[in-house]
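By letter and in written order, the chains are A, B, C and D; residue numbering begins at 1 in each of them.
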Amino acid sequence: MLSVKDLKVVFRTRRGPVEAVRGIDLHVEAGETLGIVGESGSGKSVTSYALLRILDAGGSIRAGDIVYGGIDLRHAPERQMADIRGREISMIFQNPRSALNPIRKVGHQIEDVLRRHNRATRGTARAKAIEAMEAVKIRDAAKRYDAYPFELSGGMCQRIVIALALACDPRLLIADEPTTGLDITTQKAVMDLVSQLIRERGMSAIVITHDLGLAAQYCDRIAVMKDGEVVETGRSVDVFTAPRHAYTRRLVDATPRDGASIRSLLPAEVRTPELTHTPSPEPLLRVQDLVKTFEGKSGPVHAVKGVSFTVHDGETVGLVGESGCGKSTTSSMVVRLLDPTSGHIMFAGEDLAKTPAKAFARDPRRASIQMVFQDATDSLNPRHSAERSIEEPLRRLAKLSSRARIDRVRELADLVGLPRHLLDRFPHQLSGGQKARVGIARAIAVNPRFLILDEPTAALDVSIQAVVLNLLADLRAKLGMSYLFVSHDLHVVRLLCDRVVVMRDGEVVEAGTAEEVMEHPSHPYTAELIAAAPRPPVRHQAA
Amino acid sequence: MSDATAPAPARQSTLGHIGYVLRDNPVTLVAFLMFALLIVLAFFGPMLAPYDPLASNASRALEPPSWDHWFGTDNLGRDILSRVIVATRLDLTISVAAVALSFIAGSVLGAVAGYWGGWVDAGLSRCLDTIMAFPLFVLAMGIVAAMGNTVENIVYATAIINLPFYARLVRAEVNIRRNAGFALAAKLSGNSDARVLALHIFPNALPPMMVQVSLNLGWAILNAAGLSFIGLGVRPPTAEWGIMVAEGANFIVSGEWWVALFPGMALVLAVFTFNLLGDGLRDMVDPRRRT
Amino acid sequence: AGNDVLVAVTGYTVNSLDIHRTGTNRPSYQIAVNCYDRLVSFGIKETEEGLSYDYETINPDIAESWTVSEDGKVYTFKIRQDAVFSDGRPVTSKDVKWSFDRAVTVGGFPTSQMAAGGFKRPDQFEAPDDYTFVITLDEASKLALPDLAVPIPMIMNSELAKEHATADDPWALEYTHKNTIGSGPFTVARWDQGQQLVYQRNDKWTSGPLPEIQRLIMREVPSPATRRALIERGDVQISFDIPNKDAAELDANPDVDVFSNPIENAIYVVGLNYAFEPFQDSNVRKAVAFAIPYEEIFQTAAYGRGKPLWGGKAGVTSTEWPQPSPYYTDLDVAKDFLAQSGYKDGFEVPLSIDIDQTSWMEPTALLVAENLGKLGIKVTINKIPGANWRTASLVEKRLPMHLETFGGWLNYPDYYFYWCYLDGHLFNSSNYKSEVIEELVPVTLPLPVDDPAWAPNVKKMIETAFEDIPRIPLFQPAVNVATHGAEGYVYWFHRQLEGKTLKKS
Amino acid sequence: MGRLRQISKRVAQAIPVVVGVVIISFVLTRALPGDPAVYFAGATADEKSIAEVRANLGLDKPLPTQFLYYVRDLATGDLGRSLSTGQPVTEDLARRLPASLELTLCALLLSCLVAIPLGVLAATRPNSWVDHLCRVLVTTGVSMPTFFTGILLIYVFYYLLGLAPSPLGRLDFIYIDPPSVTGFFLIDSILAGDWETFLGALKQLVLPAVTLALFTLAPIARMTRAAMLSALSSDFIRTARAAGLTWRTILFGYALRNAMLPVITTLGMVFSFTLGANVLVEKVFAWPGIGSYAVEALVASDYAAVQGFVLAMALLFVALNLVIDILYTLIDPRIGFAD
């Protein structure tokens, strides 16, 4: 149905041409779902844009053939392409909210497409649009018709995007990371919906994702991409259980899954024995009845409603929960960036909540509690080089001489595995993993006893995530730090944490050892979370 | 992408970066060349001017451009070329001083309001609104009329009417960054609020401010010229482009176009240069533009 | 525009239709002359510059005849019986009395101008019957009769005015501010403040031959360049009060006629303020007077329009006024004088000018500053906004060195001296005080010109003024008017455009 | 509903601004150097008549008392009487404001008609020669002092070529002002069905409006370009392209409408800025507007006129912001809900 041969895409950039896609071959049979996996920047999106010829300015198809149902898409006139887009081949994108025109009613946006492809007239458009919305299981579709994107939840927006894509009954659907940015439970609902619709309508589909687990669960075949090339194609189960290419193997290894250990995420070549850490029974941090109420525009927002938990010396505690449940707010209070409305933060026997957050910067205990932020890019000053960023706490908190600082920064760089020559780069010149390391180096620069990690790997590729998780585990063992690890990914939490605290709506619903909570969740919400996580097939440990 | 495969672009030197910005955009290059010319004229103008810009010569009044007087002479027989050249320094001084003043004051006020918010912010915003509620040129006129038309007062008036633009811009830029990760990280590193604001957040507001600065430099010159046009500008016989145009304007209809045209062209050229400079300046101070 | 409509442009704006009102500006005086009659008016004469008013001749206007008592104190006027106001009501001596009472009572400029002629109180005016009007002066003065021909003592329709008077406003100033209630050759048909004033001929006018034009439109165009373009292209027929430079150049255009009349009894001067210490030194004043580049100023500031007032013969031989001073440009002489003074090494002084008069003041100031610089006197030029100018220069008299101008409506030298050289008087911006002049002016002012004491007194005054030189005369300015397709322009001392003589050509 | 609340909040926010403007205008006028009493007492006034005038004007009272009187009069809608025009300030403003507004609005309209297409054109071809040319063109416009442009245009189009009518204000004297309904000659003449006057007024308007428009092209064009660029690079445009919508629909229906938000904000700023720049243009073209009124009042220390002018401007500004807010809510449904 669709076959792509030797596709090459080149971008003109400041530093000369960039070959984003370097000769790939793909084909999709009728009724088949093809998964394309690969890490960030491997050329997945560019490939999909090339198929529809909607590359950004500066990008062009350099070579290759794209044939869809006998039509040469590479050379088809623009007019014909415009007819094909949306009617024959359509596409859904990641981040549903920004994929919709923010100032146009969602119903009208669907109508625009319907009328563009003569699927509706002015008179019938509304009814048809509502029909399309109902098809993606939007309840009260007639009412939602007049809603603007900002009035809908993320999952709802993604359904609209899907409705938009499917409105004209295309025969091929391309989904580019359709669930990134969505909650884990919503993610499952959306993916289930997409696969159901594909099956019902007998469409073909290409699902692009960096999540191998997701691909394996929903696709018939998988193509693995790396650096603009397809390194391996095969049936999903085969690719997963018996990867042939070394890169595929690494990817499969790095995907967190049931029964994996933290070291097993790393490629076999670099695996070292896991260092052990032994939590002591001494409590280091005891959070008691922590409450935070924000003065919102429409009344108070109870972000955290009385949370209590304990972290022992040398222990790692996971804090899990859906988006918006109050994880970040809790960690901000513990790290003393935010004043709690009430409650106590007992740290090494003293109540930190007594010192206002404003004054804590000059508090002697500042150095002992540090934090690694969720978004590494956002947490680095764009005007400061990596060295300058790592140096900052040394300068302010440790008050080292400039010679000593340079030595210490190098030492830290080595410790977190950041090549020294990268130290004078600016954040935008570093990769995600490198930025994460800079962030970690900065946080551990002053030897804190307690480190809060607020989703430190959420923005990273699986292989980098694996490296970072191992790095954290090693540091914990070497430096004897305690962690509070905030995450929404239960698999990851289980790998790293000794104990888990599950939050929902600002309250703790369950707490216990990682094993216990994962294997025998006592609260239905926990069970739901665990069920929603994609479960890739287990790899045969033959290779 | 993993560390090993990450392309490792070498860090560019600052000069190399400036060179790139200039090569990348021909318009910016032209603007910078003209800017260099203006600077040279401002510094060495009095040495370069062929005649004394203040010396009158009634017998050669209102002569059209000739080999003696490239730009002709004005109604007192003064050499227009010399006056245009010498005026560069004063005009640049007025605009640079005014912009510097409003830049500093606006930055401080805007940063404080944007960072702490609350009633400081509300109070300041209302004050700025009040200033903006005046047609700004008229406000400048009022200030100069009330305080007297000296160069300093023109600078103050121009600074006051520019102030809201900086304050608002900085306020907005600071506001979106006050809870950015790097600001929080800086606090964790032991920086007090004031330090975070001054050393971490504020410098990041610089790129958009550079555009504003360059626009305002041009605008400040126009403003001074406008004040001169209605008789509230700098004092004669000081050479200043605005006054020269304003005076020359009366001669256009009688055919002595050169009296207004050349200073006018100098004025237009300078403002033009400043206006074009903005994007280039922004690209230069923005580290993200370096690759 | 039809054949009987004339369009004139000026750079000034009219702000009231009543000259008696506080705050009425100079351009508004034209209403007083075009829409109202007086008891008497000046005649018109032919000069080399075209038509001009004639100070020597006083013609009847509303008054058909008058007699003066032996002692010169009682003036009895007979009012013409056919004179009517524009609403048709006959003009009576009651109206004259009411108008005069008003002028001497409302205060401000009208009252002080009336006082100059000796008219100070309502009890000086009587209307024994409808057509007789009697004025009794405290003392005889040659200024009395001419002062009745200036714009101020205009005759208003008192009945109509009284209808609009209120307790707060007994003189109906509010009403006349926006309406004309005179018997003059024109009425105001339309007044769009800030834009235009449209005069409509008053067909009931009887004080002279009916004007040939039906309408006179006065357009306000602030930009002189635009005014010049308009007159050159013939889109308007008259451009009133044009800059000297335009006058010089428009003269060359064969389609355009330019009239440049030196303004009588007016002088542009450099004022040296006695309150500023160096200027108390007579050698310094003379040094300055010899350093001023008169010719260049006359050429650049006036483009040769007007009359030079320097380089006169030593010794005052005539009573002509203004007359050239004995000073001329000679830097060596100036240097000698300065060397003899207590300020050999010069000094610093600000030279103040009025923003509203920059067209002549600025080039003059620049040239003066340049030459004084050569003596070592460092001059900085200080522009003062119009509103502040009067306060600073005339009321507070605090400007050390400044440019000044005064023009007396009544064309006598002693009248000029009265305003400009007497201690404390408004236009004596130099704080000048001379025993001789203090003594001479009050006795000379009432004397008739043919009195034997008059000429010697005046000569003595002029001599003293030239010797002490607190005001250095530069030149006598001209009022320039360009016409393109109009004729009959008459120069008037009040420097306003009178419509009654105008016609299209 | 949210929007109504938003609007009333905006009005409430304007109150301190108006209070501030009242105070500043009072202080500013009293800080002016001239003594209006002397100025208006006339050419040959003496101490006594100056004192009389001063008492008449109420200037002999202490400043706080003067301020109280001023506020009291304001409360009754009395802006006082201008000394230099001799008219009540409200009348002056009522006559001159429409003249300025007509000029400014026409200039802005003209400017938008040119600048927005230019900006869109530049945004669709970023960094091409078209883009650079647009940039240079509009920058040249904003680099020319308005009075210089105005004089140049008059010289070329009226004096040399004779194409433009004489720069004599709003209407040549051969026409009669249309009966005043809105004060806008263009509209009033249409209402009166007087096409000749309409054409006459239009002709007078062309040069000053072009002068002003040239000056305002740059901010509008640049903002349009920037907003269009960012709109065109947003995700929803890609969605629209992938759905096969035509380029026209995408460009105008999707991108431009989103780009209008910042453009409207800019328009608001340009409008208030242009009202200030009017001062110079009005002087050059003898336009009987509010700008030239303000200059004269300021130079003459005409307190009531300056105060009235400033107040009128502030109210206009507040109204303008309201209009912009309403436009905003019309275009962007998010306003009034999320902040």
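By definition in this document, a contact is a pair of C-beta atoms (placed from the backbone, for glycine too) under 8 Å apart; a residue touches a chain by one contact, two chains touch by 3 or more.
Chain identities (UniProt): A = ABC transporter ATP-binding protein; B, D = ABC transporter permease.
As the structure is a prediction and not an experimental result, all values here were calculated from the model.
A.B. asks: Applying the document's contact definition, name the chain pair with more C-beta pairs in contact, A-D or C-D.
C.D. replies: Comparing A-D with C-D, the pair joined by more C-beta contacts is C-D.
A.B. asks: In whole angstrom, what separates the CA-based centres of chain A and chain D (ABC transporter permease)?
C.D. replies: 50
A.B. asks: How big is the gap, in whole Å, between where the Cα atoms of chain A centre and where those of chain C centre?
C.D. replies: Those two chain centres are 88 Å apart.
A.B. asks: Roughly how far is chain C from chain D (ABC transporter permease), going centre to centre by Cα mean, in whole Å?
C.D. replies: Computed from C-alpha means, the inter-chain centre distance equals 40 Å.
A.B. asks: At what distance in angstrom does the C-alpha mean of chain D (ABC transporter permease) lie from that of chain B (ABC transporter permease)?
C.D. replies: Using C-alpha averages as centres, the distance is 24 Å.
A.B. asks: Got the chain C residues that touch at least 2 other chains?
C.D. replies: Within chain C, the residues that touch at least two other chains are 223, 225-226, 229, 232, 355, 385.
A.B. asks: Counting only residues that touch at least 2 other chains, which ones in chain B (ABC transporter permease) make the list?
C.D. replies: Where chain B (ABC transporter permease) meets two or more other chains at a single residue, that happens at 145, 231, 249, 252-253.
A.B. asks: On the basis of the stated criterion, which chains touch which? Give every pair.
C.D. replies: A-B, A-D, B-C, B-D, C-D
A.B. asks: If you look only at chain B (ABC transporter permease), which of its residues touch chain A in the complex?
C.D. replies: Going by the criterion above, the answer is residues 1-3, 5-6, 8-9, 11, 20, 24, 180-182, 184-193, 200, 203-204, 287-288, 290-291.
A.B. asks: Can you list the chain C residues touching chain D (ABC transporter permease) in their complex?
C.D. replies: 1, 7, 9, 13, 15-16, 21-26, 107-113, 116, 177, 192-196, 217, 219-223, 225-226, 229-230, 232-233, 235-236, 355-356, 385-391, 394-395, 419, 426
A.B. asks: For a test of understanding, state which residues of chain D (ABC transporter permease) touch chain B (ABC transporter permease) in their complex under the given definition.
C.D. replies: 13-14, 16-18, 20-21, 24, 28, 31-33, 127, 132, 135-136, 139-140, 142-148, 151-152, 155, 159, 218, 272-273, 275-280, 283, 291, 294-295, 298-299, 306, 309-310, 313-314, 317-318
A.B. asks: Can you tell me which positions in chain A touch chain B (ABC transporter permease) when the two form their complex?
C.D. replies: Contact set of chain A toward chain B (ABC transporter permease): 14-15, 39-41, 227, 332, 335, 337, 358, 361-362, 366-367, 370-371, 373-375, 378-384, 389, 392-393, 395-397, 417, 419, 421-422, 424-426, 428-434, 439, 442-443, 461, 463-464, 467.
A.B. asks: Going by the contact rule set out above, which residues of chain D (ABC transporter permease) touch chain A in the complex?
C.D. replies: Counting only chain D (ABC transporter permease), the residues touching chain A are 126, 233-236, 238-247, 249, 253-254, 257-258, 331-334, 337-339.
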